[in-house]
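Reviewing the structure listed below.
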Amino acid sequence: MPSATEAPQGPLAVHFDGVRLAFPVKNKPEYEVLAPLTLSVAPQQFISIVGPTGCGKSTLLNVAAGLLKPTGGRVLIDGAPLPGLNRGAGYLFQQDALMPWKTALQNVAVPLEIAGIPAAEAAERAQAWLGKVGLARFGDRYPHQLSGGQRKRVGMAQVLIRDPQLLLMDEPFGPLDAQTRQIMGTLLLDLWAGTGKAVIFVTHDLEEAIALSDRVILLSAGPSARLIGDYDIDLPRPRNTADIRLLPRFHELHHAIWSQLRGEVAKAYAEQAA
Amino acid sequence: MPSATEAPQGPLAVHFDGVRLAFPVKNKPEYEVLAPLTLSVAPQQFISIVGPTGCGKSTLLNVAAGLLKPTGGRVLIDGAPLPGLNRGAGYLFQQDALMPWKTALQNVAVPLEIAGIPAAEAAERAQAWLGKVGLARFGDRYPHQLSGGQRKRVGMAQVLIRDPQLLLMDEPFGPLDAQTRQIMGTLLLDLWAGTGKAVIFVTHDLEEAIALSDRVILLSAGPSARLIGDYDIDLPRPRNTADIRLLPRFHELHHAIWSQLRGEVAKAYAEQAA
Amino acid sequence: QDLEKKNIELGVGGKPLLYYLPLTIAEQKGFFKEEGLTVTINDFGGGAKSLQSLIGGSVDAVTGAYEHTLRMQTKGQAITAVLELGRFPGIVLAVRKDQADKVKSAADLKGMIIGVSAPGSSTHIFAQYLMVKAGLATDAASFVGVGSGASAVAAMQKGEIQAISHLDPVIAKLEADKAVKVLVDTRTLEGTQAVFGATNPAAVLYLKSDFIAKNPKTTQALTNALYKALMWIAKAAPEDITETVPQDYWLGDKALYTQAVAANLASYSRTGVIPESGQKAAAELLTTTDAEFKNVKLDLAKTFDGRFVAKAREAVK
Amino acid sequence: MKSPVSLLALQILVGLGFLTVWYLGATVPLGEVYLLPSFFFSDPVAVAQRVVRMFATGMIWRHLWVTLLETVLAFIIGAGLGISLGFWFARKPLLAAVFDPYITIANSLPRVVLAPIFMLWLGLGIWSKVALGVTLVFFIVFFNVYQGVKEVNPVILANGRLLGMNERQLLRHIYWPSALSWMFSSLHTSVGFALIGAVVGEYLGASAGLGYLIHQAEGVFDTTGVFAGMVVLASFVLMVDAIVTRVERRLLVWRPPNPS
Amino acid sequence: MKSPVSLLALQILVGLGFLTVWYLGATVPLGEVYLLPSFFFSDPVAVAQRVVRMFATGMIWRHLWVTLLETVLAFIIGAGLGISLGFWFARKPLLAAVFDPYITIANSLPRVVLAPIFMLWLGLGIWSKVALGVTLVFFIVFFNVYQGVKEVNPVILANGRLLGMNERQLLRHIYWPSALSWMFSSLHTSVGFALIGAVVGEYLGASAGLGYLIHQAEGVFDTTGVFAGMVVLASFVLMVDAIVTRVERRLLVWRPPNPS
């Protein structure tokens, strides 16, 4: 596992090279979300990003997905600058992104269908994926007939079924209960382990971040968020996401990150409220 | 504080009287979300509802808000059957519900404006509320220019500014980081304390539920969710939502609820995946 | 003069047509003003529309087909003509050049596709009348409405119709293009008499009968103005007329227009009076072709009121 | 919402009220004048008799068939063109920007004036009428589909693209279903306009069709005939619209039921 | 997206291309025949000269003013009615269900046939033309606003109601802004139809206006005059549409910029 301080070796799954992002705001100076930020995510690395709300985590994922063009710097994917959309990435959006005109099953099957897989096989594999996320019986429901957590899980199946080489996940387990979260976390780790996938995972749940990741990145409160923490999670793998929380090292890490994060959020709050 | 086992005394803020809810599903038998369920929420009571994803929490809130008509049973508000919409309730939806054509400030000011408060005063009070939720500088942003957590907080300000007598909150702190969650929780408790408001609070964060509530209700996994746990949270008030987690009684309660919940989720998962 | 009504709304269906030349002359020469009238000329999509406006009360007077006064009797509407403007219908039946050998008379029209300006219009009835007189049934040929503008020319050019019953300038244009051969021509005295045995009133000035009763002086003034125009036309050379009408009426070709004027010059009424023989001819045209007239007793005397022309003749010397 | 039966009853009630007003206006004088003089409005009894006669003698069928054919063709071709161009332009902003003023102009040209050109190019048969209808239907559908495509939810669109959809697949899986309700809204308007195109076309020059009949009746001031033609026309447009509504229901099953 | 200047250049280029085709088709024979015989199409040079003359002599102003007035009135009244009835019906499903077939029928009646009735009721002045335009604009706007109101996001609607909005406030704060883009889509289509209504009305019977001029020119086969009238008409509709677009931009500032 590459350490946070070592220079990254071999091809980089994603390299943010001085990426800066600012939004134009009408009648005001632009709003700088990300101050120039450099960050490398090695292939096979599972990296979590935490930070106060509104600091720019989703924005960073949007940049990695090629949906937002950085105002400065550039994004390298496996060493090559990202030309436009990042077609190798699978992105689970923070918002609902299911197609409301397709049933859960159709939504999950769509990525396979467009890849040219016959409809019958696509449906079969999609049904299997619905089972994995605990929704085997909900295949014929339209999104508006599902609960928030169910929609999120359909979205997850939709992204994962393609088996993309880079996974961008924006609070994927937000609307799930703790138990389901663990089940989904285990599912994600199983999928990821040994496949050479890189994962960039945004969450507000620090325990989850530590339990799943190789590395936890801490962003400062915005505007002009900077990378203020880069923690190597040197816990053994394979992990059981429930049991690992009992290890003393887990608590050390948690405490270290948490105290830094707490200060950051307090600052952000004070600043924004001003 | 009324105990869960005692018969509720005095006027009931909300009384679910054998409420049953089923959705018609095309070409299939109807899908029963809630099996007949009886539950009383006393005025001034802060009650949390936890349960596995998709069990029917949002549905229950929709019924309380008068947005869904129960298929069986009835809802009494302060003793009177709910005729249609529950106009005394403030409901923070699980989904985004901000008006995209209004800025954050306008969104927060709208409930005051429609109550006939002059625009200038409404704007001033809305600005103060934006400050309370840490978004003082974001008043002129449209919803699509805000992050997920920021939108949720604007929604919270929009609901709370009316000071409704019954608060229905569906995972209000879901997309917030832990620290902001605590700040918002404290804000909510301050607002609630001693005002005679009833709060029905849906969350997946058990610690949060215990830290905030008088009572935690546990729903079984759907379909046909039942009320399977009703825990009186006998922790002292006023509470500091951070420090209270250190009390041994907190851990006792947490452990008790958690073990029941875990079993339920596992069962739900097994059933749904089948 | 103390006219009952000085501001007159006048309706016409296709003002630039030579059919209505006297109206344009009266307007351009200021004859209405001389009579103390302020006339607004409203141009309608067709003669039928201008009649409807008269019945509806939005216009006071119409220059239109005499036939309308007869038709309105069957509808219980009292309409009276006071002045004849044209004495030949001006309708021409022509066949496409390549059919000229086959079709020598109306009897040969059997089974052909005939273009008319509109179904039910005077051009339609005229063709039917010719067929009936030639011993055919009214539905022995199929009739196609081809409109009255360039679309009529297009229909002939495309070869979609084999014969056409129409008016100038469509006929003039087709003749100039050498696209048709004329079979029956009621633009001339001889042609008209050959068909009807008499002249046959075309455009007239008509008004509602009760309007005439209530506004005799206004009616007189209108009659005078148009009568003056008729007299002026009777004396004018085609070139004078061309110079008098707005340039826009020239079909983009001054010489061609002058030629058309010359060809039509004889068709304008010399006396303004509709002769009884003409009234009968017009009535016969309708009764032979339209089932609706079969059982109706037409009162021809009510369709024309000659008092105003008589006075006009004295006033305008 | 009422049951279908009582809804029908209400509809019929409204229709009867309308007919009563018409009948009274046309036959009972108010003081001196008739509110709806029968020269302009005929009266419902006469119109009904005429309609019955039209069907009894069977003469109407040929005309009805011609108009039906023209309407349906105009509708299908116009809607097809409108939908395709709407999609195409919405996906090619530069193209749309360049042609925008020309489309606005074309939309505003009075079709009646263009009739001779249609006749020159397409003859007197059904196609010149179809063309007239197409020029009406096209623009109504085009503007709506264009806007509908641009209204697609940007998150769903981004998701589709990241799931690997190419332009064609985006069209099929995202733009098309998302623009459907826009499209159908315009189709409901278009049904009427397709018919108007056909009728006006026949009105300007034809040898058959309802427009021809109406024009003929108008030429001889047979108001009853005109209204009878319009009644036939109306019942017939209700049919076409019902088909559109049925297709719409089929395609939009996924929508949440209407709130409130 | 290109800069406004190069966009304009492209637009002009397209226009020039179109004029060239027209010019060549009308003046250079292909073998024996002209592609666009000038009897039917005139030619661009002659049309331009005629337009210049129309303005030079000043005779056009009076006509232009009449048509402008009619168009703008038809547009405003038609859109106003369409918007209000669209909202009203969308909020009263029973009403909408009962009147639905009648609206469909009314939309399909050929306005040309109704012209005499308008003239009867409204006289020969501008109002009968305005009425004709209104009957076109109304339906286009109505159907879209009706659908637009029904498309409102149910969660936002529920939120508004729970925030205490009464029907009027829902209309103002939720239905109206939510239906705006639907409304504007229909307004763009309507601009053209308002003009068509005015011109066709004048065409059927009037004493002034562009439609009157065109009709006069048509009667004497003055194709140049017809096209000159249409050119004036086109430039004038571009103006009205530009105003609509400007208002639209103002009212829809809150939208996220268009993706892709």
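Letters are used for the chains, namely A, B, C, D and E, taken in the order the chains are written, and counting of residues starts over at 1 for each.
Following the convention adopted for this analysis, a contact is a pair of C-beta atoms (placed from the backbone, for glycine too) under 8 Å apart; a residue touches a chain by one contact, two chains touch by 3 or more.
From a predicted model like this one, the values you see are computed outputs, not experimental measurements.
Trainee: Give the chains in contact with both chain B and chain E, ordered by label.
Mentor: The shared contacts of chain B and chain E amount to nothing, since no chain touches both.
Trainee: Hey, what chains does chain A share as contacts with chain D?
Mentor: Neighbours common to chain A and chain D are absent.
Trainee: Quick one: chain A and chain B, Cα centre-to-centre, how many Å?
Mentor: 27
Trainee: Measure off the straight-line distance from the CA centroid of chain B to the CA centroid of chain D, and report it in whole Å.
Mentor: 49
Trainee: Roughly how many whole angstrom separate the Cα centroids of chain C and chain E?
Mentor: Spacing between the chain centres: roughly 36 Å.
Trainee: Take the average of all CA coordinates in chain A, do the same for chain C, and state the distance between these two points in whole angstrom.
Mentor: 84
Trainee: Can you list the chain D residues in contact with two or more other chains?
Mentor: 40, 116, 120, 158, 161, 203, 218, 256
Trainee: When you check chain A against every other chain, which residues touch at least two of them?
Mentor: Residues 95-96.
Trainee: Send over the residues of chain C in touch with two or more other chains.
Mentor: 52, 56, 149-150, 153-154
Trainee: Going by the touch definition at the top, which pairs of chains touch each other?
Mentor: Listed in label order, the chain pairs in contact are A-B, A-D, B-E, C-D, C-E, D-E.
Trainee: Using the touch definition up top, name the residues of chain B that touch chain A in the complex.
Mentor: It comes out as residues 23, 25, 50-54, 58, 94-96, 131-132, 134-138, 141, 145-150, 153, 171, 174-181, 183, 204-206, 258, 261-262, 265-266, 268-269, 272-274.
Trainee: Spell out the residues on chain D that touch chain C in their complex, using ranges where they run on.
Mentor: 39-40, 115-116, 119-120, 123-125, 202-207, 212, 215-221
Trainee: Any idea which chain D residues touch chain A in the complex?
Mentor: It is residues 155-156, 158-166, 169, 173-174, 177-178, 180, 254-256 of chain D that touch chain A.
Trainee: If we count contacts the way the header does, which residues on chain C are in touch with chain E in the complex?
Mentor: Residues in contact with chain E: 9, 11, 14-17, 40-45, 49-50, 52-53, 56-59, 148-150, 153-154, 169, 173, 248-252.
Trainee: Please output the residues of chain A touching chain D within their complex, sorted ascending.
Mentor: 65, 67, 85-87, 89-91, 93, 95-103, 110-111, 114-115, 142, 144, 158-159, 162
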